[in-house]
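Next come the structures, one after another.
Note that subunit A is present in both complexes that follow, paired respectively with subunit B and with subunit C.
Our next item is the complex of A and B:
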């Protein structure tokens, strides 16, 4: 797992510190980007096995813009993405009676903030395994 | 990899879509404060707020009422010699406060903006009688009844609609919002 590289794109530095330390304890190699622009640059230059993506950044839901960019890139869209979202984004826009779990990418999985450490590790592990399985299928 | 951002950088990240905001170029000329119609009611005038953000005075910035009192008139933005969009910085600090829930429960601003957005998402436009209730209860009993009496008179005269009206092609409008904001599929 020491060679498994994860990237977090989230604008909340304290939050990033939190999940980073959970993941590092589990021996993942973790990088962080604090805004969508740095995040996209990091994704293009580094070879990441999984992305943890925040939705509410910048002027609003700029995480969605990141997801759309990833979706357009044939290589990046193969990468599993764990969308970590807080109830804050459901506050203003939610249409009553509708679920707040959008599917933005073919690979994504959603986790609510605040994140339970065990659940985080479980989801990361299962997404990585699923991606590895797909790679083998393709090979 | 990226180092942990300071408060100044966090606020700058909240303005990312406009590729940051050059508020670190502030020359403290005070044009914004001089031009601001609300400055006298603010704990800190706009010039000082920009200075405080640049000095990473996070607690002091979040504690003051300046950004909640900003009326978004954009006078400061238009006049700033350093091309700083001060009104947008005010919005960025509002977002910071709402997203991190640093505001106090009595504060009307966040509830007001939430109600506003929900009403617009629902009807395609705002409906004042619903909005008014978000701050009405903050008034004393006397002012409360004065407001209600005034509103009732305006309703009777047809100046305020009794029921919220909806825009034409509301479904299309809601579809557009759903393209922009991630919300669930229709059930």
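Our next item is the complex of A and C:
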């Protein structure tokens, strides 16, 4: 797992630290970006296995913009994305007419803040396994 | 409302219009007149009157019809009817149609001024009420935004750091220290739950409840609600006895929210009933309505709390031992029941217990076939 690289994009440093230390204890290599712009750049330059993405950043739901950009990039869209948000109930307002768990990306999963450590590790692990399985199928 | 009240008078007799204008002009009103119903209605948009005097008997469209049009145009306009044939029945009919008062011909200038002044006061009150209600709505919405951003996210961040500390320190700290950390986490988690409950109360939207309507059996709703509160009632050794007097027709509703409504009431019953107490949940059909009665032999509700328990954020005087209260459960419940065209009532006697009664209309016979 030491060579499994994860990226967190979240503008709240407390969440980043909290989530990062849980993941690092589980021996993942974790980088962080504190705004959508740095996040996109990091995604393009680094080779990440999974992204943890906050939705409510900056002046609103800027995380959604990041998700859309990822979705448009043929290489990035293969990467699993775990969406982390404090606003499950308001999601319907962001995506009118859609269920509370919006499928922004083909691979996304949603966790509510604050993220329970066991649940976080379980979701990360299952998303990575799912992605690895897909890669093998493709090969 | 502008500073000078505007009055529209609709009457076919020129002499009435002239004398009324004369009477009211002295009292600093702006007076506009129309010779018939059609012209009067056309003037509503342009003049935006505060009150309208309408003669009941006119050629063309009748005074009664004009009343209806005024209501439809702006329900806050105060209509007063002028009636030449001062019969009680026509006045009563006009009042039923929404007239605020009536002025029987012939009338004295003082009579007319008095009625006009009262009607202007009435209009002021109506507009004030609307403004206050709107203000209250805005406060509610703003409060939701403040709660969600300013309280919920920092609380979440604290919790996230506690989770991280817990995992960072798990190999180093003693069991006692771990226990302290767990207690911190549990208190924060309670707070987050409380904030979520508040947010839920504010965001209960009747139209969105109605979107999820389907055919339901009340027995299923009751069963699910009881399953939900059972862990708590078992812990307090409270018996919940359910009686469903079949046959009960199906209802149309939103199952998730109806279960939530019942969980709030039965959960309260558990909270406010002593160890070893009893709760009964009865359902039956009566007069095309499904009736659900939830009765406990708990602490009861003091008479001065009783009228307020369905209000948002109202917390009664009696505090259940070791229980959490948000002050919104029953307010949410009431809104949910009302979204189902139902009603909820409560009777209670301090020291004896409380009984909540819910009525929900059954699905109409025609719909069944």
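Just so we're on the same page, the second predicted complex is superposed on the first by the 128 of 139 C-alpha atoms of A that agree within 3 Å, B and C clash if a C-alpha of one lies under 4 Å from a C-alpha of the other, contacts with A are read in each partner's own complex, and residues count from 1 in each chain.
Following the convention adopted for this analysis, a residue touches a chain if its C-beta (ideal position, glycine included) is under 8 Å from a C-beta of that chain, and two chains touch if they have at least 3 such contacts.
Quick caveat: nothing in here was measured; it's all calculated off a predicted structure.
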Quick check on the superposed pair: does A:117 touch subunit B, subunit C, both, or neither? Answer first, second, both or neither. second
Is A:55 touching the first partner subunit B, the second partner subunit C, both, or neither of them? first
Applying the touch criterion given at the start, work out whether A:34 contacts subunit B, subunit C, both or neither, answering first, second, both or neither. first
With the two complexes superposed on chain A, say which partner A:76 touches: subunit B (first), subunit C (second), both, or neither. neither
Between subunit B and subunit C, pick out the one touching the greater number of residues of subunit A. B
Is A:9 contacted by the first partner subunit B, the second partner subunit C, both or neither? neither
Looking at A:22 after the superposition, I want to know if it touches subunit B, subunit C, both of them or none. Which is it: first, second, both, neither? second
Residues on subunit A lying within both footprints (that of subunit B and that of subunit C): 12, 17, 86, 89-90
Subunit C - residues contacting subunit A, complex: 148, 152-153, 156-161, 163-164, 166-168, 192, 196, 199-200, 203
Give the list of subunit A residues in touch with subunit B in this complex. 11-13, 16-17, 31-38, 42, 55-64, 85-86, 88-95, 97-102, 104
Would you tell me which residues of subunit A are touching subunit C in their complex? 12, 14-15, 17-22, 25, 86-87, 89-90, 113-117
The answer for subunit B against subunit A in the complex is residues 1-2, 4-5, 9-10, 13-19, 95, 98-101, 113-114, 117-118, 121-122, 174, 177, 180-187
